[in-house]
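Here it is: the structure, laid out below.
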Amino acid sequence: MTVRFGLLGAGRIGKVHAKAIGSNPKAKLAAVADPMADAANAIATQYGAEVRTIEAIESAADIDAVVICTPTDTHADLIERFARAGKAIFCEKPVDLDVERVKACLRVVDETGATLMVGFNRRFDPHFQAVKQAIEEGQVGAVEMVTITSRDPGAPGVDYIKRSGGIFRDMTIHDFDIARFMLGEEIETVTAQGSVLVDPAIGAAGDYDSVSVMLSTASGKHATISNSRRATYGYDQRVEVHGSKGAVAIENQRPVSIEVANASGYTRPPLHDFFMTRYTEAYAREISSFIDFVESKSPASPSGTDGLIALALADAALKSVKEGRAVKVSEITGVMADKSVFQGR
Amino acid sequence: MTVRFGLLGAGRIGKVHAKAIGSNPKAKLAAVADPMADAANAIATQYGAEVRTIEAIESAADIDAVVICTPTDTHADLIERFARAGKAIFCEKPVDLDVERVKACLRVVDETGATLMVGFNRRFDPHFQAVKQAIEEGQVGAVEMVTITSRDPGAPGVDYIKRSGGIFRDMTIHDFDIARFMLGEEIETVTAQGSVLVDPAIGAAGDYDSVSVMLSTASGKHATISNSRRATYGYDQRVEVHGSKGAVAIENQRPVSIEVANASGYTRPPLHDFFMTRYTEAYAREISSFIDFVESKSPASPSGTDGLIALALADAALKSVKEGRAVKVSEITGVMADKSVFQGR
Amino acid sequence: MTVRFGLLGAGRIGKVHAKAIGSNPKAKLAAVADPMADAANAIATQYGAEVRTIEAIESAADIDAVVICTPTDTHADLIERFARAGKAIFCEKPVDLDVERVKACLRVVDETGATLMVGFNRRFDPHFQAVKQAIEEGQVGAVEMVTITSRDPGAPGVDYIKRSGGIFRDMTIHDFDIARFMLGEEIETVTAQGSVLVDPAIGAAGDYDSVSVMLSTASGKHATISNSRRATYGYDQRVEVHGSKGAVAIENQRPVSIEVANASGYTRPPLHDFFMTRYTEAYAREISSFIDFVESKSPASPSGTDGLIALALADAALKSVKEGRAVKVSEITGVMADKSVFQGR
Amino acid sequence: MTVRFGLLGAGRIGKVHAKAIGSNPKAKLAAVADPMADAANAIATQYGAEVRTIEAIESAADIDAVVICTPTDTHADLIERFARAGKAIFCEKPVDLDVERVKACLRVVDETGATLMVGFNRRFDPHFQAVKQAIEEGQVGAVEMVTITSRDPGAPGVDYIKRSGGIFRDMTIHDFDIARFMLGEEIETVTAQGSVLVDPAIGAAGDYDSVSVMLSTASGKHATISNSRRATYGYDQRVEVHGSKGAVAIENQRPVSIEVANASGYTRPPLHDFFMTRYTEAYAREISSFIDFVESKSPASPSGTDGLIALALADAALKSVKEGRAVKVSEITGVMADKSVFQGR
């Protein structure tokens, strides 16, 4: 079977997914929609696809699945429309910045029985996957404490931050998802602290640029997250899992692995300076997994619920900083039905 | 000048300090006191010292300084006695488990003008010192976020934990001191979470075996601490300092640095399995620094105040776990006069 | 400009080059030739090319360049034919196993003015390139000693060895080329020793499976090479360059970079187990460079002369093992006109 | 039992051994001899020993063993004298620079039944020992190829080189010994090349400053050695052992293990800059082993024969460079009776 794709949004991340689809033997990029005609044309030409409107893709008989790479505030509406149109849906995170809107959207997905996968690409990175596999093989015993460090090479513009929902919702959200992925148990409480150490303009916009978070689960497992909007040495992305029998960690990735030795010491080059070069392989594997879910008609993972929970953790973290206390996730989500979200890789 | 020492307590840590004194060309171990005659005799014989009572050391004209390695509940009393006797004092941490008792003791030290140094040995480890030096040389710019990981090879007996004041007071206390040492600014708030994941007996004794802590300073700097009473791979001791211009980290230490490669991968040996082999060099440098303070009659560092603050941070952490909120250090200490404790290395 | 390619040979390495051509925006795979119709068809279908005979490609007006991936004993003839047909030629190493035959072939290339590039893929690996760049930037000063370690995961079959010309001509030949690439100066003498330690059948076939080689240049620079046909820990590929101001080395590559710590120590996974996964990026960059040479009509590098010299070094190494002495390269090649082969990257 | 020592020579290496003896609970430094009275007095005072003449030590009833740290050209004579005097002898390498003189000296040792240990300190370094242990435990299977890299921070003065016998006899000799130690089989042939790349004055003195060596054993095992008199990044000391089941390597050692990350990359400090700080622990273990041999009256290792063979390998290497051919060790030594020198650690 070949899964025929419509791509909604031909921007930066749209190109990444177009490439992943184009080089996947089980997929065909059939159509691209974008208000910017040049962007849409460029992708269509490169992969032999057609430029169409969103409406045309919605009603097309030759489209099995869509990849939503449009601005965040359109995600929930598009998910609902394409769920009703019977298409399988891959949507970049987040579904929406508002928890209630996400819940409403997921109800539509539920009712229509649509396949929905949310784009937490790190779960598909070979190194993160190898950590998860080591856990599942029992190499570290029972997971006890997860430590996550994510630091970006540089802060985004304040314009972006205003639209993104702030550091917890646009940056830490990936770490919340990875914390759940590695802990294998739902998070119960969130405690966070935030500072403005990198750029006062970020503080003026009401956000933080340096945050620390502690998470705990019902059984007492911990996760800690450390984020900064700036790291001079590149795109710092680490996770370490400590368990009853041992620990496992990923090493940071760099474009070239050489070491120069001289009177100043032994120097290896900086890390990747951009998430797209760091996670090239993750994006390809992510689309490949989505295709497998579409083909097998099995529930996709990470699901809409995974997206909802990560967002709720971000909201809880923000509340914790403001109120100086541990915040229960249930304060944000209400009591949720168990969705059995830990299906492993 | 040769500094002539009396050693109070000939147990495990007493032996370590006896060796450091014995191999220091500026020092002479003159007397040892211990209720266990055999232990005292063994050290006395090895280093050409005399066995004496504490009282005899107190009144001896040939003793310049004492090293207090007796049980914790005797520390404050002994510090007061030897301060009044005009001896310079090196005391193993903690001064006492009660903040008010420590304060009272430090008042006596203050009144007598005695030299008091508290044994936070990690500050003298060559690797920790190199991190501190890198900070002072401006290699990482302004310090922003400090990450400390300390995990012991195995949990102590419950008997020890009952006497020690619990994990925050006997284990995390070293990390509190290192956090202050690296941040270069006083900590304002403490948030912590604790679990029992290693040994239920520890929980039954009212303590935790796995804790996470977040610290923040007035200017918004962060530190996070992760502790576990058990690490199968050895004595895990790491600190990482992230700043405006870069980051610096220490690598874990192992007795031998070889790597075996085979079909299972590339394997390096476990870490040191004991703090005494890990910190051999730190203990020697610690006593050497103390001797320098005694000789130069300058205030010792880490001081009694450093000991007091680290204890207060431990109390604040415990309070934070119990109450699920960020605790201000001033809730524990009251408002303290500025002691200008950041004198560098 | 789009360079239109004919692929000669649709086997294992042919597929690698087809993929590199197919994903290069400046290239189009137009035709494939292989006596195995299925293999040719598979590639043709995947990349939208036609299956043609070698003769048809030779005379085709729509083909600019060919990639020769046929058996070694056909390389020299095909190079001559396609040089005369006015096509640019990329040929997998070696041009031939016989030095005189290579020389004759290169004379034809010279006379026809054809572009000929020989496939020493390692020169295009990002890590090897970064080492070369560090040298060129002066980071290690004047190059003095190059150390190369290449070990294959497992020995090839004896059938392969009989056809390949033996370990020096099929395996060490890559290291000879890298030695020249890094030394930046021609090699004058070769000394080698060889043993059969891995598989007696290799010895019975008249070859070695474990070899060490020392090279020296006119100015006294050294290179040493260590090869084994078996390494349990994966595809071991290292180079280290020692110079007057420092040294630079590449680290071995593994598919995933995680580390598991437990009571047995700290373990990272084995290396890549296959040259094709190790050198994926190198193959893409190699074809990309070839396209640049074709477009710019500039002399290709590595050239036919580079291929000739590497083969001569292999012959010299074999002679050295047999005769127990340092062999001058000129004993093999005769005196050669300077071809100015060190054009950098 | 306490072994009572006489120290012959109070120079740089004499001090190292005095310290090792002084801190060993089974030993007592009883006497020191040196024509430089100040040097002898300093050591005597520090360790509570007497200053005596060599003659007095020779005839003293209260001396069990001597450590010979005098100039090389006195070693053989002193060994003979103290062997006849019934003392156990530890002698710094080499016994002599002339193979025949060494043989004559060892005959005296043999006749007198004296205990003689030659100072190849690296065998006692914890990291080298861990490699040897890994081999003996079968972790790498049958040893096949040993790779040794030794580079000094800077070249010694030409005066030293003239007395030392040249790079093969003063520097590579340690690597020859380690090659034998790790191979576990006698070396049969030596091939070497040498250049002057560091300092023309070394060439003017008739020596080389950059050498490469290949060794082979009767069963076809290889070792390669790479030496330079200058390494800007510190005291480079590596050994790697490749075997049928895997490989084992030591990592280079540095005084502090930190890593600074910034826009220039990740930098660790240079290596030790001096053999005495690099091998501190090795010297202590070496003397400790000697004491064990003296106490147990068992043959010492490394023995006089080990010293002889390492010297012969150096002579063979020099001959190989001069004659451009593989030199058999038997050309230097003649046929030697089997001394069964591979007793492990």
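Just so it is clear, A, B, C and D label the chains in written order, and each chain counts residues from 1 on its own.
Criterion: contacts are C-beta pairs under 8 Å (C-beta built on N, C-alpha and C of every residue); 3 or more make two chains touch, one makes a residue touch a chain.
Please read these numbers as outputs of a predicted model, since none were measured by experiment.
For the pair subunit B and subunit D, chains touching both partners: A, C.
Comparing chain pairs A-C and A-D, the larger number of C-beta contacts belongs to A-C. Note on B-D: across the candidates B-C, C-D or A-C, the interface recurring with over half of the contact pairs conserved by residue number is A-C. Rounded to a whole number, the gap between the C-alpha centres of subunit A and subunit C is 41 angstrom.
In terms of their C-alpha centroids, the spacing between subunit A and subunit D amounts to 58 Å. For subunit D, the set of residues touching two or more other chains reads 232-233, 245-247, 261-263, 269. If touching chains are joined by edges, the resulting network of the protein chains shown connects every chain directly with every other.
Residues 142, 144-145, 147, 149, 151, 189, 191, 193, 195-198, 210, 212, 214, 216, 220-222, 224, 226, 228, 230-233, 242, 244-247, 324-326 of subunit A are the ones that touch subunit B when the two sit in their complex.
For subunit A in complex with subunit D, the residues that touch the partner chain are 232-233, 261-270.
Subunit D meets subunit B in the complex at residues 23, 126-127, 129-131, 134, 139-140, 245-251, 253, 255-263, 269.
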